[in-house]
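First the structure, in the form of structure tokens, and then the observations on it.
To keep things simple, chains are lettered A, B and C as they appear, and every chain counts its residues starting from 1.
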């Protein structure tokens, strides 16, 4: 499966990022690999502090340099290494090839500039286009993101707008130069459910219209189910399971994924019954444990989990999980109720 | 890879007895807020250097007058206007007083006024601003109106009036400074108070039944204090300078008592002939002001590392 | 209606913002909670649900209306009586970072209640009680000397719960107590709250915008929109047969962790955003966003009307439908 060398739109291999603090090194990202193809949506799911945002910020070169360090790893965009570009070289990628929207729409927009002007300026910076042309483009984008009365919105300032409107403006700005990849870092976390639904619908619609591939970072599995073609589940700085949406939701094979899925209350469960939980909390990446980082919280932990990091085991086309339970020597594990039994593929481990 | 494979035995694939039980263990060492601040200060070279300068000047101002063989007010008309030499390290002034002794006695006065002139208005400001911000209502109205009127009057007008009224000792100078500077800190503290009043930990203390006194002093003030310590350190140079200025225009410390400002004033008349009489105390003022200023900056960074980004 | 542990009737709280601008944060809200049960209060941000919760702890004094807890009206009580109220009503907060004073150790945070109320006055008693509380919430005695910033969000929330339990209250207002936590941690906290309710016979007002957790924990659910209740009733009724268009839209907007369902079903999209709560126009507050709005809705605000059991809805359209059904 892995033998066929195919050029992906974006490929990240063994990315490692550390933060240097006075007390020592915090290993925020500890060997993350994934890829993204044209026009697809990849969701990176995980709890806060699992390294999902750092991963994306590293690709966008947005991490603060003196404290954060890209230790190793390759970032390939259309086969070209973009991991070690200078800031100036990266500048030509940002906006035109990669674009990003944030959770906090206020900090993504300049409060002293009219939002239309802001979009116009960012278009002019990245494209050889006249002022009028850029202005027209900005207006067109504001209409594209479903803002009523774009002429009026064009002249407004970010702080006079509501959260939902600002998020739309940010999306308009991000897509104004037709980027190939859109990184969306928790784009709806700060919004209420009804606004979240609107923004997600909009993102799905624009994805089709602009043909942009999306990397969606979120902790909300509901959002993932709605948006993602493929999913990478991250835990403690590593991808522990990846696969397409059906595989992850209907045939998950990592106990952490089981836990995430079961911890959400569902309609079949009687009210006030005990919810399935993952005990404890993620490890401090200041001193990550040897072996599998999930061991301390895993109800299926074995001796081996403490000793050795699990390799990737393939459990289906494009579906892999880093868990020793998939080794043929492990005894069978019974997943929590509602999760189908583990299917072990014949294929040997991945690498 | 193969090595790993070999080191893993079949018996390793046995479920751990403690699987699924989790103990909350914290791996990082425990650090309190102030410990963290001091650690950050300790690693900052500028903070260390300016801290050392401040410490040395303060220590010498205490020690030198105790052990110096000349009194600061002993005149010696046989040795007037001597340039710095082995006997008189900083030379002597127009009536033969030893400047080395006078500079350090002056340091005592200047530093006392500097520190006092920074702390006293700050305390007044914290109290009035805190009351104003926390309780609101008519008391807030009253204090704010007083400040509104107060800031309209040029501070030199008060200072001159107070100095004329109270004489020209160090205490009078501190009071004069306090009268003009409390208003700024009261405003700042009031703002911070308003900001903290609705923070969740304060609401929580209220639901526990804590009294207003307890909330202000145990919950809100410690959170504000850090920033106020910074403004005290940065107010010291202002106070030192204000004292120098007052003495220079003749309103401040009067001879034979002395301060750096008074020394400068005395030396300014003949600075072409005896430049050391002006420039030595002048250099002390500059170095001290700069040291406090730099230290204040470092302290601010140490208290809130996010400010740097 | 007597015998209810918490009874809030016609609660009103208006804030004056600027000149002649009135923010009707809570406008004529009534509900009751039975002892040992949970009322879920849901709504979007800015709908006034937190303000309602804070009234129960007497952080706010109501402009109008009455709040009775265990039969006693607490709406206008003195500061001394507020202190007594603290032993009955406690609160758990949303932001586990902002709700703990970073200058206190965990032991000081939990023990503060004892200092204020002069309980457990010997050092040993106090230490034992703090240890006991820490263990109840799944932490251990060693944590008492640590500072809040050394803990993760979930652990901090546990500390907040221990603090709320210190005075053995009967009612706990959970103000978005799990919203800021990760999914796996949310379930831990909810399990803990449910267990405490069972063992200590606690009553909860569970304020949240996460509808799925509210369905799991709440016996009754109240839906708020711009300061007023729009729907109120047993959780099964509200979730199973939502009557108000806003409730329907809200429920439909919650994404479920099921990709096939998510891609196949059509949601009721609620257009627009919550309108400005300052100086609202007459009529139904949901009028501007409502798809079923009629002329009447723009003129007269609909009152809460019973549509069966204790299920109540504030909507002109629903009342008519119900009228048809009953005839």
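By definition in this document, contacts are C-beta pairs under 8 Å (C-beta built on N, C-alpha and C of every residue); 3 or more make two chains touch, one makes a residue touch a chain.
The structure presented is a predicted model; accordingly, all values stated were derived computationally and were not measured.
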In contact with subunit A and subunit B alike are the chains C
Relative to subunit A, the most remote chain by C-alpha centroid is chain B
Pair of chains ranked first by number of touching C-beta pairs = A-C
Using the average of all C-alpha atoms in each chain as its centre, how far is it in Å between subunit A and subunit B?
-> 47
Using the average of all C-alpha atoms in each chain as its centre, how far is it in Å between subunit B and subunit C?
-> 46
Could you please state the distance in Å, as a whole number, between where the Cα atoms of subunit A are centred and where those of subunit C are centred?
-> 32
Residues of subunit C touching 2+ other chains?
-> 155
Among the residues of subunit B, which ones contact at least 2 other chains?
-> 23-24, 26, 28
When you check subunit A against every other chain, which residues touch at least two of them?
-> 279, 281
Which positions of subunit C touch subunit A when the two form their complex?
-> 44-45, 152-155, 182-188, 190-191, 194, 197, 209, 211-213, 215-219, 235-236, 249-250, 252-263, 267, 269-270, 273-274
Interface with subunit A, subunit B side, in the complex: residues 1, 4, 7-8, 10-16, 18-24, 26-29, 39-40, 43, 309
Subunit C residues touching subunit B in their complex are 54, 57, 59, 79, 82-87, 89-91, 93-95, 98-103, 112-113, 116-117, 138-140, 143, 145-147, 150-151, 155, 160, 163, 166-167
Once bound in the complex, which stretches of subunit A touch subunit C?
-> 47-49, 162, 164-165, 192-198, 200-201, 219-226, 228, 245-246, 249, 259-261, 263-267, 269, 271-272, 274-279, 281-282
Quick one: which bits of subunit A touch subunit B in the complex? Just the residue numbers, please.
-> 22-23, 64, 279-281, 284, 286-287, 295-308, 311, 324, 327, 329-331, 351
